[in-house]
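Each of the next two complexes has subunit A plus one other chain: subunit B in the first, subunit C in the second.
Entry: the complex of A and B
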């Protein structure tokens, strides 16, 4: 296996995965790469699919590669965002080459890493909003409460967080979102720190699609690698009532 | 190598679990209540190794189609990690590895398992672990099971006491040889191994109630074989019965026979000085007659003399004499004491030393620094110089500022030398430093 990719894209992929796990199994085939991961608390999942067009060069047979993500992150710290990294696998070593710099690292036994199956969840409401709006709505809730509620009505999208004393709220009326599909109002509440980590890791996409249900998981879908890759992030809601 | 049979044949359902019917029934009932939407107290499963506790917990989750989060001794279990995994899992809904979303409204739950909960290394890697478990239990909307061999390690300490009041206990018994033979026989049939009944009986009785040990032995013995006979078992030898400090101390104090006491510490994984401290700590609670105590202390002091020689001469052969002297405590009593079962305590001396460690470290570092300018060894400095130095340092602000600068005392060291506010002292010394540097 040998691929080339912009450092910027590798960084974003690594950061996205690191929001949930510290090790991941990358599955390669001739047409591209995919990663699936579930966090240790079993409340969030992430699926990354990148077609080979998302790479600058792409040569690969079917391969499974287990990687320590922290190692990649620390290695990428020395690279500039405009650099290109060449990644190749030989035996049980993965080699990264950035300019004149090479670093190889031991792979993790891929069979020891479980790849979760991703549930197929039907969600009635859908909104497409600007990435910056999404991030601002989440970041505004920082230090207010440890959870955040997302709500979609036929006319607007809201993200709010209610603490003991403080409240944060982002309201996007219909004309400020790119798309809204909603028959009746739905809302669910989620752990804030998961979304906060996600907000810090999303970088390149312009729009974020949010699928929502009533006290049900949220599905957040967005693009990476210049539109040639897709990320699906699933987060389970708080347990309400009882 | 093949996957370990212990994993391969781990029961998938509670129905497949051998023995402990009562405990299993209790667990089932507990889970059914959860299923009805009634929050239940967490359960602590207690029992000897290999009696089916962890298997039962996982099989239960499997039967109920619940998800599982498991934290065992191979994970770091400090406060932060437990909170970020167990506590977060306890208040949110669940995805499973096999692609299901579980909503508590529809009865979908996840079981949070703290395996080997008696092995939390509080104060080392697992700082705040028990506290985090208690906090998880407080907010949890999901079922929780704690598992351990030793109930008393789980409930010791402030947070342990809270655990005791918050949880209910389900006891697992060790398996009987007949129950184990049944399981071993089934495994042999599936693996296609011809096996003497007698051979299985020996394996089962060797394992003394530990199913995991029995299955491991069976796998090791039948590696690359199609038949297992009694002669093959002889290779195995007897399973090493490790003595634990706790039970050994108890034996030394209870027995009237020197040989029994010696047996008790023969295989122990502790050094004689540690054993001697345990005996010393707990002896006065057991021995009540003054002349018994006198004799016992005499033997312990002899043991201590030998231990001192071991250290000074680095001659570890002398340990065996120390051991004999410790064992002699058992025959120091004229008659047995019929005391009730009591729980021995950890040597107070070691506790105190670890508690005062920081203080002693500071005293050492101050002595080393002061000793350097007085050209004296740390020992002499500590005894002869520090007491006076401390008075002068405390009274005279110029001396204080100068020495603080010259010896680069930090806040803790300043706190050891004077009651004055360390921050102010540091500021004064910085003033002097500037003056000196200016010349």
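Entry: the complex of A and C
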């Protein structure tokens, strides 16, 4: 396995996975790469699929690579976002080359990392909004409550958080979203800390697609690697009441 | 004045008073020791104490018994199950021979003797030439009580210490203290022993003295973090389990819930207990799967001692769980005896056979009948999350 990718893209992939796990199994085949990870509490799951066009160079047979994500993150700190990194696997070592700099790391036994089963979740409502709106709606809820509610109606999309005294709310009427599909209003509430971490890790996509149901997991879909990769993030809801 | 601050501070003088009025009052329960005039020929169990007042210039030195009775307790695990009289008689008979020393400069003959004593696994005959005696005994929330302070002119160990070869080796190697703590724990040395040599300044790169209070939590935390690295890889337990145990007015209710590691400790200081003479006060600290980075400010040292005890159990059965420990402190806990009380009582709780439950509600109902303060369950973050936060499993058909 030998691939080349923009440092910026590797950073985003690493940061996204680190919102849920510290180690992950990357699955390569001839047409691209995919990763599935679920957090220990099974509250959220992330699925990344990147086609080989998302890489600058891509040569790979079928391979499973277990990686310590914290190590990648610390290594990338010394690289500039405009750099290109070459990643190659030889034996049980993974080598990163950035310019004149190389760093090798031991792989983690991939068989010890379980790949989660992705639940098949049907969700009735869909809204496509700007990434910045999505991030602002989440960040506005910080320090207000530990949960945030997402609501879609046929005419608008709302994100709000209600604390003991304070309230935050982002309202996007139909004409301020790219797309809205909703037959009847639905809403669900989610743990804010998960979405805060996600909001800090999403970088390159222009739009975010949110699929929503009533007291059901949310599915958040967006692009990475210049449109050649897709991220699906699933998050289980909180049920309010005693 | 007595209120929530006292429960959090536990004698650290956050109130600004020169002495903790609660601890001073509690000293009335301690036996008055008769000290024979002249020099002391006695046994160090072995034990040492490094104070924290005036840091980095602190009082440090060995604890020496006046009697030559070698049944004096060296390891707090041996104090578990004894009655208050026994504990008090044994711990407060230990004279605290201490000199003022800068923690970064642990040199001189008395400190050499202190270090030698700290590393021994058997009691050592020790001779203390007395300069001055201060009669008041000492209480500390983390360490066991001790007897009066003695300013020594000279301390001589007139015995050969028994030092495990492993300890000699790691002291020579100048490894990082945290690494050594784990090595010695895996070698089978007790938490008390490791804590003692850490505070004596024989470990680590810079080999400085560590106040006893800090060294106790440092060792509980270091071993706890190490065990956690292993526990996180184990399968979850598969049923809700309840363990309990009570010792000297400390009643523990321990709930293990299937799932990934999380830990929470809650404490109710019932009205009339040592730090809450006026009203019942509840405190809580929590850590998620990823562990905690900040100090557990509400529960303090008891948090780390209890966490270690539960982790030792999970490691022995090679399972992980979400753990809630609820501790009620009754007026029977008349004076602070040290966090060993928590470590040992929880350890012994985990040796017992658990009661098993089908649902969290039935477990809570069961525990509610045994406790005095109902509010703990409302304060528990893990219980709240368990009831309100769904998982993706719930939607996996």
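Convention: the second predicted complex is superposed on the first by the 239 of 242 C-alpha atoms of A that agree within 3 Å, B and C clash if a C-alpha of one lies under 4 Å from a C-alpha of the other, contacts with A are read in each partner's own complex, and residues count from 1 in each chain.
As a working rule, a contact is a pair of C-beta atoms (placed from the backbone, for glycine too) under 8 Å apart; a residue touches a chain by one contact, two chains touch by 3 or more.
Quick caveat, the model's predicted, so the values are computed rather than measured.
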Item to check | Clash or fit, subunit B versus subunit C on superposed subunit A | outcome: clash
Next on the checklist: Taking the superposition on A as described, I'd like to know which of subunit B and subunit C A:114 touches: first, second, both or neither.
Outcome noted: first
Checklist entry - Touching A:207 in the superposition: subunit B (first), subunit C (second), both, neither? => result neither
Next on the checklist: Just to be sure I read the superposition right, which of the two partners does A:239 touch: subunit B = first, subunit C = second, or both, or neither?
Outcome noted: both
Item to check | Touching partner for A:45 - first (subunit B), second (subunit C), both, neither | outcome: both
Checklist entry - Between 94-102, 166-174, 184-192 or 274-282, which subunit C stretch has C-alpha clashes with subunit B? => result 94-102
Checklist outcome for this item: Footprint intersection on subunit A (subunit B / subunit C) at 38, 40-45, 117, 119-121, 191, 216-217, 234, 236-239
Item to check | subunit C to subunit A touching residues, read off their complex | outcome: 232, 259-262, 289, 388-397
Checklist entry - In the complex formed with subunit B, which residues of subunit A make contact? => result 38, 40-45, 114, 116-121, 190-191, 215-217, 234, 236-239, 242
Checklist outcome for this item: In the complex, subunit A touches subunit C at residues 38-45, 117, 119-121, 191, 216-217, 234, 236-241
Next on the checklist: Under the stated contact criterion, what part of subunit B meets subunit A in this complex?
Outcome noted: 37, 39, 67, 69, 84-86, 88-89, 91-101, 103-105, 110, 141-142
